[in-house]
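Okay, so subunit A shows up in both of these, paired with subunit B first and subunit C after.
For the complex of A and B:
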């Protein structure tokens, strides 16, 4: 799976979104789509498991998880790709 | 609504000093009746309004006092010592004001803050909803916005002092098709505000907060919706400010209990100079715990003020965990301290008709753990700790 596919899969499994993840654009607001802060914690844990890294302290904020685009930027920064 | 003569309250220390004076002169003599009759502490609120103190947290350029949260906290400790119901009303009002100051940036809301300062409006809050219980981060009711006007109806199981408030800040889903967690907060005020009372408030403690249930119906200009999503308002402002100001009220209750216990032990000592009264050691112990409480509130205020203008820091997990820990600790310590003081003063505290009576303190303090249930707060912290990194 590509990075984007993995991110979308994690969101489908753990984001508890009110709409199917396929209908969301890369820049769509995930919190607006129903992701709670609890769900975002699970998304984060699942991303760390899938990509085998740990988000740094400074990335642990709402904006890191606000859209697929933002998550991709965070993941690529942490995996150094 | 009368226009009050607003005295500028910009001098450092003024707000806390005036709140303390009103606590002694106005709130203390009325406290027993407020509690017994479960009535709104109108004389205390009138005295605070007459001195412009309901706008203490509004910036000076909008006509307010420009006071720091530290000062308001100190004032609430003083008020909490004399009448915890009054202090809780005032705390809840300032929490709403803090949200408006930081998150109400549009012209309508800025003008409202000017008006609030001028008329000394009192703000209430409707976050809790029938059906979601204490889970304030999800709403069932939704805003309906048509042609620049909003409409909302909320089944609110508790809105403290709604009958005496000039406006209510209400949480709701952003729109009919929004998920439960996509919330906004809207300022609802007459004439677009209608409150239909449901039931009575006959509770163990905080009886003067008059925290009755209502069906709330409101309409108004859509600009009355605060500019940030409720999730952000809650993390950055409402939750930390609420936990800080509630803790200040509870510290006031604990402080008065310790004062009474100390007076009691000193009385015993006077009767038998040369022998250490039986309860003196227990007093020394409770004084240690009380000092922890004082220092915890103070250091939490410093932590908040250090993070104040840094949105990322306020939204960080470590900060949130810390502010939740404050609420759980403070609400637990207040009960522990009052119970210890009850043991120190013995029957004199247990009886309802002595100067050392601690009945009201005990009843008020019990409510602290369930004003947003500590179990819920601990569950949130447990979740956040799954991802917290050490510094």
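For the complex of A and C:
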């Protein structure tokens, strides 16, 4: 799976979104799409499992998880790609 | 209450089942990223699994009083609503729901959360927790000096 496919799968499994993840654009607001703060914790942990890293403290802000695009940026920064 | 004080209120609801799913799926990694050691001990002790030598539970979620964990998560969120961070996700563990001997809870802040409270002029926080089978909730009230900086108080 590509990075984007993995992110979308994690969101489908753990994001508890109110709409199917494949209907969301990369820049869609995930919190606006129903992701709660608690769900965002699960998304964070699932991303760490999927990409085998641990988010640094400076990455732990709401904006890191606000959209697929933002998550991709964070993942690529953490994996050094 | 002093006539020069203002109040901030935060409230949050959390699904107990969602917390149970998280504990089941991510285990202690989830618990230790969110909760302080005091909170973990408080939630274990309520289930009676804190005794040394006691047999461990077959399901990791059975090791915790999930409703209590969920209520504490709600309380942390409620505190964040009182602190009103802008663009910052506080470390959950810098907001501790401290269970007192009498059974009630108090809020203890550390790190960035404590700094934000000082900056906002919050002198005192009070919390009330509740949980039923499916939902847990918390209300937090913060009492602030009325003389704190006006940053962030402007209307949109």
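Rule of thumb we're sticking to: the second predicted complex is superposed on the first by the 81 of 81 C-alpha atoms of A that agree within 3 Å, B and C clash if a C-alpha of one lies under 4 Å from a C-alpha of the other, contacts with A are read in each partner's own complex, and residues count from 1 in each chain.
FYI, contacts are C-beta pairs under 8 Å (C-beta built on N, C-alpha and C of every residue); 3 or more make two chains touch, one makes a residue touch a chain.
Just so it is clear, the model here is predicted, and its values are computed rather than measured.
Consider subunit A as the common anchor and indicate whether subunit B and subunit C clash or fit when overlaid.
Pair status: clash.
If you stack the two complexes on chain A, which partner ends up touching A:32: first (subunit B), second (subunit C), both, or neither?
A:32: touches subunit B, not subunit C.
Please determine whether it is subunit B or subunit C that touches the greater number of subunit A residues.
The larger set of subunit A residues in touch belongs to B.
For A:41 in the superposed arrangement: first (subunit B), second (subunit C), both or neither?
In the superposition, A:41 touches subunit B and subunit C alike.
Using the superposition on chain A described above, determine whether A:18 touches subunit B (first), subunit C (second), both, or neither.
In the superposition, A:18 touches subunit B alone.
Which partner does A:56 reach: the first (subunit B), the second (subunit C), both, or neither?
Touch status of A:56: first partner only.
Taking the contacts subunit A makes with subunit B in one complex and with subunit C in the other, which residues are shared?
After superposing on chain A, subunit A residues 37-38, 41, 45, 57, 60-63 contact both subunit B and subunit C.
Sort out for me which residues of subunit A touch subunit C in the complex.
The touching residues are 16, 37-39, 41-42, 45-46, 57, 60-64.
Using the touch definition from the top, list the residues of subunit C that touch subunit A in their complex.
Within the complex, subunit C touches subunit A at residues 14-15, 18-19, 22, 25-26, 29-30, 33-34, 73, 77, 80, 87-89, 91-92.
Going by the contact rule at the top, pick out the subunit A residues touching subunit B in the complex.
Where subunit A meets subunit B, its residues are 17-18, 31-38, 41, 44-45, 54-58, 60-63.
If you look only at subunit B, which of its residues touch subunit A in the complex?
Of all residues in subunit B, those touching subunit A are 137-138, 174, 178-182, 229, 231-232, 235, 312, 315-318, 383-384, 386-389, 391.
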